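In the part that follows, the structures are each spelled out as structure tokens.
Shared between the two complexes below is subunit A, which has subunit B as its partner in the first and subunit C in the second.
And now, the complex of A and B:
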């Protein structure tokens, strides 16, 4: 029988209860069988990006949902603030002319 | 021993490995250290149980006595099981479970790759389906062994203890006998010993990445895949796994 590797000299002889470290949170995006874009499906915890992809595979593609997975560590996502809702979104409410509904799209353009 | 008797034994070995290990892994359901691992382990267990249905289904067919996969799984007693001792070892802590999984997965994937070219079409078909699942199992268990082995002092200590504990059970996966000789002669399955070098190389690489020391011993427990002497753990496991069919024979969903 071998002893624990010398690279870990501080390995204790007696088992002690380890401190619980939380893994970082990852947001998961999946591109479905017929979808063109990745969609946010939820989040999970994982120690690193590789494991986050594996965990996403196990948690979010069990029922054949996806053909591609993206994961992003949640802390890297910059988000707008809910309290800025007024200035950010209300000005566009009264600008119907911004909707592209006033002209016909030629058929040969196809799906947009 | 006739060809069909050996073929039946071989198929029971394949199906009992996946059945017993699948049941063991399923024992984690609802108990794993984190939600993500809980689901991943349940997926692995379900893959293994699915493979069991195919292996034991074919075993019943080859035997020709009208026994279904369910009959073989739920109505045989410990001495008729042909799984390797490694598969029936208790879960221990999460690290011990993942170490057992890796040692098995690494051998399993090498075997299935060979079986995909079996002279028996049914065996080749099952192997071709299973090898895709198992390629993922080994990727996951390997990464976890490396992550925990080369992790904190605590996780390293536990993984080394798991490797020391389970190492003597690994050798049984690579011993040849009359059954394997007949299977190899028929071109149905390779001699287990022929997979050893590739397994050793892969395990060596994984353990060195995981900073774990492989025990300096070739000693290997035997008696699982021949059914000669299972460890005490199998009987206890079967009382859990089989109780419903034993208590209510023929019960269905």
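And now, the complex of A and C:
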């Protein structure tokens, strides 16, 4: 993943397009409340990290939606691809014993 | 709607892939940017989401017009917050469009040089303070009719943008109706202003849904793809049914002699807007088309040195950091 556009590799007409000189794309993560993890809320453009945080504050926290902001330039995110779905996730489908409900524990034993 | 007259693109692709794609949509799955999608789906969505985003941005102009002249500090703060929301809505939507392979600046340039459109409603002027009420009540009200079902649209980023937007949109409509209530219960002159605003915005609001799409093949394709959820006529009827009692509550008269409740259908009968006016405005001949586009172009040109300067500064800082390491 070397260019912002690489985040969307299946888009056909990008390969031929010359790279444009634009503010880079940042992905925004907000911690909604204390004790929760940061969640992806969207993206925005900004020239640098400081401005990205300021813009994220204006765009994504106008109604007390957050207590903390992370921003990361989109080109730094490595992503799995839809075609990897099988190899990545199918193996866990057959491993039902990973779920606690797989085991029958006698009632006499109590909560477990 | 905020996206009017969107033609869906014909698609010539592997029938097997197309069928699998349609099956995913029929099963209610969301399509994400990296998933395979027909070129027509991609192009139609870029046009639709782009036009919607442009409408949010251009839509700031008729309301921004009244920020400095709002009657009280409270009204001014509220209007400012609403216009700021519209900027935010535009940004969410631009980001959704960008996931389809078009850059922010490209799509902006397409608005500025007229290759892309925005909703016809924003080519009407806002002449009095009561227009701020009418815009919030009717224009945002019409927009909500379309946006609520679009939360279930098949394209993931578009759906998520719509969910965020709908959360904020209800504030917009309520603040508009609040202005109308104040005006309609005010002095005779204020009530007259409220009625005048309703008179001028009623038919343009009905036009927002676009012409009847009974015979449109494009609309059929878009509905199969779940990027259009209802027909234009369905949404228009729903809007009229919802809005007429609200006008009655205000003691205002909807400017339509043919408007009447139809016991049989359970809906209001109403007059169609003048569609030749709609097409004329779309062509660029509305009262404010030139002014709106000129304002957007000026903002883009005047802001160029800021965009370039900040980028140059960021690159210089990054280069210094690399040199120091």
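Points worth noting:
The working rule: the second predicted complex is superposed on the first by the 76 of 112 C-alpha atoms of A that agree within 3 Å, B and C clash if a C-alpha of one lies under 4 Å from a C-alpha of the other, contacts with A are read in each partner's own complex, and residues count from 1 in each chain.
FYI, contacts are C-beta pairs under 8 Å (C-beta built on N, C-alpha and C of every residue); 3 or more make two chains touch, one makes a residue touch a chain.
Values in this document were obtained by computation on a predicted structure and should not be read as measured data.
Of the two partner chains, both subunit B and subunit C are touched by A:23. Contacts of A:94 after superposition on the shared chain: neither subunit B nor subunit C is touched. In the superposition on chain A, A:44 makes contact with both subunit B and subunit C. By the touch criterion defined above, A:82 reaches subunit C but does not reach subunit B. By the touch criterion defined above, A:54 reaches subunit B but does not reach subunit C.
Using the contact criterion defined above for the overlaid structures, shared-chain residue A:33 touches neither subunit B nor subunit C, since it reaches no partner.
Of the two partner chains placed around the shared chain by superposition, subunit B and subunit C are both touched by A:62.
Shared contact residues of subunit A, touching subunit B in one structure and subunit C in the other: 5, 7-8, 10-12, 23, 44-45, 47, 51, 58-59, 62. Note for the complex: subunit C touches subunit A at residues 32-37, 39, 42, 81, 84-85, 88, 91-92, 95, 98-101, 103-106, 160-161, 164, 168, 307, 310-311, 313-314, 317-318.
On the side of subunit A, the complex with subunit B involves touching residues 1-5, 7-8, 10-12, 15-16, 18, 23, 44-47, 50-51, 54-55, 57-59, 62. Interface residues of subunit A facing subunit C in the complex, by the touch rule stated above, are 5, 7-14, 20-23, 25, 42-45, 47-48, 51, 58-59, 62-63, 79, 81-82.
Every residue of subunit B that touches subunit A in the complex is listed here, in rising order: 34-36, 39-40, 43, 136, 139-140, 143, 147, 152-157, 160, 164, 211-217.
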